[in-house]
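You will see chain A twice below: alongside chain B first, and alongside chain C after that.
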Partner chain A sequence: MAKITLSNLRHSYYPDPKGPDDYALKMIDLDWNDGGAYALLGPSGCGKSTLLNIISGLLVPSEGRILFDDKDVTELAPTERNIAQVFQFPVIYDTMSVRDNLAFPLRNRGVDETMVARRVAEIAEMLEVTDILDRKAAALSPDNKQKVSMGRGLVRENVNVVMFDEPLTVIDPHLKWKLRSKLKELHQRVRATMIYVTHDQTEALTFADQVVVMQDGEIVQIGTPVELFERPAHTFVGHFIGSPGMNILPCETQGGAAMFRGKQVALEGEIVPGDGTRTEIGVRPEFVTLAESGIEAVVRKISDVGRHIVVETLIGEDRVAAIVKENAPEKGETVHLNFRPDRTRLYRDGWLATTAGEAAQ
Partner chain B sequence: MTLDLRNVTKRVGANLHIKETSLTLETGHFNVLLGETGSGKTSLIKLMAGLDPLASGQILMDGEDVSKLNTQKRNISLVHQFFINYPHMTVFDNIASPLKVAGMAKSEIQGRVEEAADILQLRPMLHRRPHELSGGQQQRTALARAIAKESRAVFLDEPLANLDYKLREELRDQLPELFAGRGAVVVYATSEPEEALLLGGMTALMHDGHVTQFGPTAEIYRKPANVISADVFSDPPINIGEITKQGNEAVLNGHARWPLEGEAAALPDGPYTVAIRPNRVLPRRTSTANVRLTGTVLVTELSGSESSAHFHFGDRNWVSLSAGVFPFEVGQEQEFFMEPAHCHYFGADGNRVA
Partner chain C sequence: MKTVNQRAWFLVLPVLFLVAFNALIPMMTVVNYSVQETFGDNLFFWEGLGWYEQILTSDRFHAALGRQFLFTGLILVIEVPLGIIIALSMPRQGFWVPVCLVLMALPMLIPWNVVGAMWNIFTLPDIGLLGYFLNHTLGINYDMTQDPLAAWITIITMDVWHWTSLVVLLAYAGLVSIPDAYYQAAKIDGASNWAVFRFIQLPKMKNVLTIAILLRFMDSFNIYTEPFVLTGGGPGNSTTLLSIDLVKMALGQFDLGPAAAMSLIYFAITLGVSWLFYTLMTKDDLN
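Showing the complex of A and B:
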């Protein structure tokens, strides 16, 4: 396994890019440690697939370098990079048995049969497919096919990195859950460097130790799931992560205080000085409570999700969601909202602009 | 509008893909079909839409038997998981196509298309072609076509499954409003329990070609009628265990015991199945009534807002899901606390007893 360095990467699909808009990847500079579990998270078109293709060698970046354990691999072909990939649709040979499918990447590289047998047995045991090793792949259920596909990605011991490209998109939710935890368990056992690409926040946050959030070809924030949830560096991260996402409310600043519709809103800490014109308050629905007094809002919609209730309200035209455990108000009712101060932040032109309060540390 | 299924079945070769099913679906709310892939959701929709023949039974629309009518004559709309638009037509013409086929006057078509486009925020794109649109816009075009048509029934077969997570959230929020007051029976198929809860209305749980429970969405979530329904309508999976009732006590795996109350206390002694949702099995004590379950943590997941742990308890794996961040350690013994008031009990036949 290897440490992966992306150094000043930029990529454009145009031969002669003019401005930043011509770049699918604007500027990527980061290090991934050996043995870590990482996720690339972002909506369609954010550049995550471009980045994945650069790492795997399907694409040579317009600018910058990519290093595996400090060795430059920028110009190396995919086959010379010693990597494994698992795709959205299972890649297996239907006419072969599960055993031969798992053995294929090893036999292909001339690994001796004793070793092949040992590795296949190990991987099969981890994935709980030992019972079906002699079955033809064509006869497998969709989740077992994807398990075998994952097994093929994990069977070689010395790969630099294993990359997963939306591997659970076509899997049913209840099986998704099983496969996700299986993958997590595998990572905890084999400690390979893994990169998981997805638009699904749940998959990214539950799989990765560290998540890279991308938007419009740029990295907006790198952090642990808890960091991304608790202190989003940008309103995009606040909105994209969490369900529903962070409430973002336009506000004004006056003498170091945030004013929302003429009333002061307590923030986590000091407002950091800076230029920029657009200021917004960000607070997650988890930290908005209904109270006797506070900001007046009208209930727009109630969604009972089972484990909690999402109360969606309108303050004038601004939408604010609150998550409550029980005692939800009725649609149309007037309620009063409180924002928990140590979880209420100010954003300037999208970027976090408050110092962390003590509670956030 | 009422859409009535009476003892319908569907046969493919020697297999019954839909086992005898009766359902009454009405207008005014979403009718959700929830079940995993292969449970029969799409098969049932095809029967209702007239795309596949019934092996037996009847389908009635407002009391009129439509079982033998073809799709065109049933006046329905269908939106699939894969956005289907005519690639050579503009967005306007895509939305207008069923209206033109129906021979509607040009001026009325114009009005209907613009109204649907406004609702789905497609007005600026009316003159583009599908390939110039994002996935979300393409699916909104397909939805606009279904809205403009004013059909008697609208079938939405996992319409959001291929969209990005956040876009899905947005459209899911708008969908019930879009169809509210339009008079059509709306049927929405999904494999995601949370989606069913968010859409509300009525839900039919499907498993292995039949409906295992049908009722108001929140109610059947709270009171699963049988073990299969409890399992189908749960994400993460509901915890299931075998208990023995002895007097006023439930004994789980010989490991944990708790006092039974109400209906459960009145049951005859003997073996039962218990089911409890992961959010009722927590790593912290919440009340004195909690039952302690000690297990080895196998896998943990941290999403920022919630923490989950799979743990081995008795002879099964259980799942705990709690709000906030909890520092689980894999491989360690961990105490979990179950709230017995939230247990569901089922008899030997799998049906709910308490």
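Showing the complex of A and C:
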């Protein structure tokens, strides 16, 4: 158990990186609190697996340090860090039984056999694999195999952190949900720090207390699922989280007001002064309403997703999605859109540039 | 209800012809010889199982069979572990991979009788590179035409040189197919190098190694050309393996009946051992 600190971390897979583009991780400064459930969310290739491998010690970063509590572990091998990692594809030792698989990390460390038996029984009970302990691991179904690899990660006591690298990729959809809630339950029972890497927002938002969103080797936002949804710090977060993602509309600023196609758009608060060339308005489809008057738009497509209806419209060439409960307009119809002011924000060069208004608090 | 269409059997005909002309008919002529005595002029006399009894009880056959198992056993014991060790130490990526693969494949591309001739000349005591070096530089008395031990060492070394690559290439193919995650998981689980070999690499190589051992068993058990060119079965009968003995009997002495019986016994042993080995190795996969 430990607090994990990443300080000034940079990593490049090239021996001699030239520019920022050569870095898989650009500059990471991050604290993971002891016992937290974290998700590391981002699209494929954003550097999240690299970051994970640096924490586990499979990779040594080009620059920067990793601290477990106050101990510098940057150069330590994975075994010396006392961490656990579960991989995308279940890693099991084919020739061993489930029991021996679970006992393997303990036996390698010379743990006493009575202690091994006790821990294996505990973990097997937690993962509900007690009845298959004597089966050969090679013959298990993918979800049971993944449970066994999770079990190997959890079997050691006092691991500093358990990391999951997209562990549900090969699991059938109906079992994904089960395993995900199992993981959440496990976290509450063992209270170890857990980091869950995924590109699936549902997995991240259901598992984690804190979600770290990454893009192009950088952290764009850290926050609770609600914060990420309500107040994205970057248009990427707005777009990546939510279904459909946030509407992003190019706009201009004039004297402290946002102008979209010549009309002023009310924002949540003051525009933060700063330089930047590209300004955009961001508003989630959940906060776009159809009304009698407002910005004129043409309905392009209607999708009924069950719980609500997604109305895709065009304002000139800009696409805006709105979510309505009922009374959806027809395709091709002209509608008027209203943006809820306390949920409408200005982004400058991608980053949030409005102060939180009173209404938002 | 579906009507049964028996005409589908015609689709099997090509294979039936192929197997018949390729294996069954030639083998039946051997079966025919094995139960008869012939004195030429196409005269045959019924012998029953007499030849089989004679072969199975003959000291000459026992000796050749013993030498054959010794040879096959020795080359398997050397080539399989050696092949695995070489495969483990080969690079996994980069410039040296194709270089290693081509170097490994080279011995296997040389025709078998050329291999025999090469090693024959290579080991000649007075003019061969190795023979001269051993005899005249190191002063070791080495002459495989005189000394059975030297002859054995030479044919074993030759086979190891010729065929270890097969094990290497198959084992290497098995090794490169192991995903990195297995090695990473093993590191995190605190596994020693031996444990990584024993619980990851060896199990993942099991299928290819089964094939490698099976191929090496069959090829070495039936080996003829290389030892024939190298030692001709000598000195004395010390390197007369089953196939060399069989050819001596069939073509040297023209004892067609006993030779046919011996061929079939020889074939049955090869088939039996291969079947037994394969069944044992794949037994676990079925459960």
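We adopt the following convention: the second predicted complex is superposed on the first by the 360 of 361 C-alpha atoms of A that agree within 3 Å, B and C clash if a C-alpha of one lies under 4 Å from a C-alpha of the other, contacts with A are read in each partner's own complex, and residues count from 1 in each chain.
Just so we're on the same page, a contact is a pair of C-beta atoms (placed from the backbone, for glycine too) under 8 Å apart; a residue touches a chain by one contact, two chains touch by 3 or more.
Computed from a prediction, not measured in an experiment: that's the story for all the values here.
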item	value
Fit or clash - chain C, chain B, common chain A	fit
Of chain B and chain C, the chain that contacts the larger number of chain A residues	B
Partner chain(s) touched by A:228 [first = chain B, second = chain C, both, neither]	first
C-alpha centroid angle, chain C to chain B via chain A, nearest 10°	70
Touching partner for A:96 - first (chain B), second (chain C), both, neither	second
Touching partner for A:188 - first (chain B), second (chain C), both, neither	first
Contacts of A:84 with chain B and chain C, given as first, second, both or neither	second
Partner chain in contact with A:104 - chain B first, chain C second, else both or neither	second
Smallest separation in angstrom, by C-alpha atoms, between chain B and chain C in the superposition	8
Complex interface listing, chain C residues touching chain A	179, 181-182, 184-185, 187-192, 195, 199-200, 203-204, 284, 287
Residues of chain A that touch chain C when the two form their complex	53, 56, 58, 77-79, 83-85, 87-89, 91, 93-96, 104-105, 108-109, 136, 139, 149, 152-153
For the chain A and chain B complex, residues of the former touching the latter	43-45, 142, 172-175, 177, 180-181, 184-185, 188, 199-202, 205-206, 225-226, 228-230, 239-245, 284, 286, 301, 303-308
Interfacial residue positions of chain B with respect to chain A in the complex	36-37, 134-135, 164-167, 169, 173, 191-194, 197-198, 200, 218, 221, 234-237, 277, 279, 298-305, 308, 310, 321, 323, 325, 330
